[in-house]
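Next up is a structure, given as structure tokens.
Naming follows writing order (A, B, C and D), and every chain is counted from residue 1.
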Amino acid sequence: MTPSAPHEALHHWVISLVCPDQPGIVHAVSGAIVSARGNITESQQFSSADTGRFFIRLQVESPAGRDEIQSALDPVIARYGMHAIVDVVGRPLRTLVLASTAGHCVNDLLFRQRAGQLPVQIPLVLSNHGTLRDLVGFYSVPFESLPITDAASKSAFEARVVEAVEKHDIELVVLARYMQILSPELCARLEGMAINIHHSFLPGFKGANPYKQAHARGVKLIGATAHFVTSDLDEGPIIEQNVVRVDHSRTASELVAIGQDEESRTLSQAVKWFAENRVLQDGARTIIFK
Amino acid sequence: MTPSAPHEALHHWVISLVCPDQPGIVHAVSGAIVSARGNITESQQFSSADTGRFFIRLQVESPAGRDEIQSALDPVIARYGMHAIVDVVGRPLRTLVLASTAGHCVNDLLFRQRAGQLPVQIPLVLSNHGTLRDLVGFYSVPFESLPITDAASKSAFEARVVEAVEKHDIELVVLARYMQILSPELCARLEGMAINIHHSFLPGFKGANPYKQAHARGVKLIGATAHFVTSDLDEGPIIEQNVVRVDHSRTASELVAIGQDEESRTLSQAVKWFAENRVLQDGARTIIFK
Amino acid sequence: MTPSAPHEALHHWVISLVCPDQPGIVHAVSGAIVSARGNITESQQFSSADTGRFFIRLQVESPAGRDEIQSALDPVIARYGMHAIVDVVGRPLRTLVLASTAGHCVNDLLFRQRAGQLPVQIPLVLSNHGTLRDLVGFYSVPFESLPITDAASKSAFEARVVEAVEKHDIELVVLARYMQILSPELCARLEGMAINIHHSFLPGFKGANPYKQAHARGVKLIGATAHFVTSDLDEGPIIEQNVVRVDHSRTASELVAIGQDEESRTLSQAVKWFAENRVLQDGARTIIFK
Amino acid sequence: MTPSAPHEALHHWVISLVCPDQPGIVHAVSGAIVSARGNITESQQFSSADTGRFFIRLQVESPAGRDEIQSALDPVIARYGMHAIVDVVGRPLRTLVLASTAGHCVNDLLFRQRAGQLPVQIPLVLSNHGTLRDLVGFYSVPFESLPITDAASKSAFEARVVEAVEKHDIELVVLARYMQILSPELCARLEGMAINIHHSFLPGFKGANPYKQAHARGVKLIGATAHFVTSDLDEGPIIEQNVVRVDHSRTASELVAIGQDEESRTLSQAVKWFAENRVLQDGARTIIFK
């Protein structure tokens, strides 16, 4: 409950703070919130034994505007050496989608976005194929395709990515089965703001055609992993994972179809949490405040 | 990190607080923790839109003993009208187990307790049958059976329950497939401290022999629900639920066997959370700080 | 493997047979398959202890055409009093979709149909609202809306359903969140060929606004049940069920959103199995040969 | 239904047959069953596109004894070059359990065996440590420990395994967290009759201390895989897999505890299916007729 005047509109703020752990942080932060006339409606924190860092995510309702909130927090941020994000709850994240020919992840993202279940705003879907033009157009989202056939066209594609990121002030890049390895330069440029989806198996199969390998070994579970893009291919910090049960009667191509469903829902879930500022990185791990 | 002297032993405290929601609670509580030389290592909170109550559970490490912690918190507790619990992390909860003839839940509880996975201390298993005497004895837990054959013997059994609760200063009563309806008086006596397990189906089947009904309708999922005991039979606040998939080839008796596995793990999970002070009641709902 | 001439094309047949159980059925059926030059590539059978009926579903590859297959089977069908279906594997089922305003199930069905994951052919989506016109149009599927405001308009809507069923020789009617109770007459007309989806909770909540009830009780699992439509509302034979875990922090409206995902995938799964002739009814139960 | 004389006792047979696939097998097998006065109560088959082999498992009720069943099948077995197993439904499998210090899998196996949920008969638990003596003794199962400290004592242990296998006519060896690598000779001796359990992660982590690696990468799912023992360590055909969800707050040691639950239930499930003749090998894959 907030001690605001009866007719003063309430704002909803999401605040995430990361700093070296030490006593008194919560007290200092909550003091700043009180001074900015805020009420904490949601709060999660975590102290990492691995890195000695402290993570907190708050949702706060307050009649205060951004300046008042920020002013109240600034001394605390300075004192504890915090990395801070202050944002409006529910603000759509400016998101660039990279795709190739497979439509399942793109369709799932666009459908949920339109249904109001995914707080993203997508100014562009960029693909190295034209296959998904109609699908994307149905959702009234701009679509652009640039073929990748060699090193030069790949560089051009990546240059276009960077250009779009800058032009639209992109906050998140989603690789929705983009199927191309990003250059180390682009990985570095997008560090911490690009999410990829890939299939997962127990046990893990590396190399070409993992579904065929999984089939050959007779796996009983297949799944998907959404993770941050890093230069170490498919080894970035894990955001979300799901699996589904399969049996011996499934062909390798059926495994692919089943895997696609898991990819769609796992990627959309990861994007949703990221857009809600629920995903924080702690070295090679993620803290998910869900 | 705690600013204690190098060789001063750290205690680990769990603190749960419930009160009407209002601004400033977190600030006040965290101030008390700081003043008691504590560092918050785990924290979860929830504001109930249903009841307007605020819930917080903290784990704190501090060189302070109970008196120092309690003294620091007392003014805050008084100011906000809090219901407060301050306990030692990992302290085994004094737990009375009620059973009948089925051994699956009892075995699961006792095995986990002995394996160090369940912070309970069980001074007595009380049953209306002698069936489980050997099983319970193997775990070196006292066992007592008192037949229930009519209203008088039922009253005697319940009187023995109350006696045991008082003698052993019991904090939790687990109905591990006890299969008897508690009298309203005993429900009232054990309010908020007794956990029951029962089968669950989608859709729910009321009345006698639910497994037979579920079989007749061809359910595809069966499960278990652990809940607080209330005088409204099987309608108490839900603590945990699980399901498992079944198909048309299962007989009604196979459904029973499958359901027992779900009952065991669901009940043990609920007991564990309760023993760790992770289960708070909010009207007819539970807040689970897991 | 099939003893066909090298260049003779193979057909793929799905055969489902239901009859009173007695010895020798499999031998008789497999003899007919051999005589029609067929090889059994998939086979599932079930003897119902509840009804004394025998169920078998076969996939057969053979150079034989429909007449040859049917002629080989006819004496067996006659001898055992079988209910028989002989169909081409993968033939799209003529499917009528009934909808209202909610788009999640309709979108899921149409996307999967277009992606080749759902063997249905949809000549019409019929709704009592115009809301989904654009969505359906994107998939190039005819859409028609007829308002339901009173008994007369409801009768008109149902008359249009029957007309469409007859005109398009419909084999399956999917109630994709149609939200209207069918008249007993329409239930009877569509018996065994109409599939509905509804939310499910543990424990089950009857009556109005079940999500609100589920929220009030603090359920930990919510899900969906796909079932055949019968005049006994929401009590028809169950085809498929799924659940997903939720916690105390979810609002009633979030439960609705989560439930919609389960509804979409559960309904699509049920439709897929039905279209593949994998769903057989045994009294109030379904046999699912997946 | 079986055409037996009213008072003639029925036997329940399980028959599994494997041979190169060709047309007419089902007809030939079902003819043999008819001639042995049998009724097929359960039947599953699979044609492997990978190896060209055909698998069938039948449950048959018949007044015929073993000789009559076997005589009826023998010509079919000879004609198709079948590998055949004919057994009594529910006969307890003679099972040797190898263990080390961890009790969770051993306890789960023994409890289920005693509860009548696992059709095995265990003449001996053999361990390289004495830790589990009391636990095993409680279930009245003989226990023997032989330390393994060097190559010579390891050879002695394995010689004791072979001796026990021969003396008790063992049909299944369960490695219930035995934690020792079997020699190639013992692997060869136990081929197709030894089941191991190991932890599983998405993605898979090879090498020492996988839970620590999984923790470092922040996995969201951990699980267990039950598989046949082969000389290629942890790469044998998979029988069953399960996973459970975890989050960032779990320590590496908590991951171990959670993983143990999955190991217990996954191993018991695999043993149950194997004991019921539901697990057939197809090259590096398993066919599970569940």
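Simple rule for what comes next: a contact is a pair of C-beta atoms (placed from the backbone, for glycine too) under 8 Å apart; a residue touches a chain by one contact, two chains touch by 3 or more.
These numbers come from a predicted model, not from an experiment.
Undergrad: Using the contact definition given at the top, which chains are in touch with both subunit C and subunit D?
TA: Both subunit C and subunit D are touched by A, B, going by the contact rule given at the top.
Undergrad: Relative to subunit B, which chain has the most distant C-alpha mean position?
TA: C
Undergrad: Whole-Å distance, subunit A centre to subunit C centre, using C-alpha means?
TA: Distance between chain centres, rounded to whole Å: 36 Å.
Undergrad: Roughly how many whole angstrom separate the Cα centroids of subunit B and subunit C?
TA: Computed value for the inter-centroid distance: 42 Å.
Undergrad: Where does subunit A touch two or more other chains at once, residue-wise?
TA: 42, 249
Undergrad: Note which residues of subunit D are touching subunit A in the complex, please.
TA: 46, 49-50, 200-205, 215-221, 223, 225, 234-235, 237-243, 247-249, 251, 282-288
Undergrad: Of all residues in subunit D, which touch subunit B in the complex?
TA: My answer: residues 42, 103-104, 107, 111, 115, 117, 138, 249, 257, 261, 265.
Undergrad: Touching residues of subunit C toward subunit D in the complex: what are they?
TA: 1-3, 21-24, 26-27, 30-31, 33-34, 37-45, 47, 52
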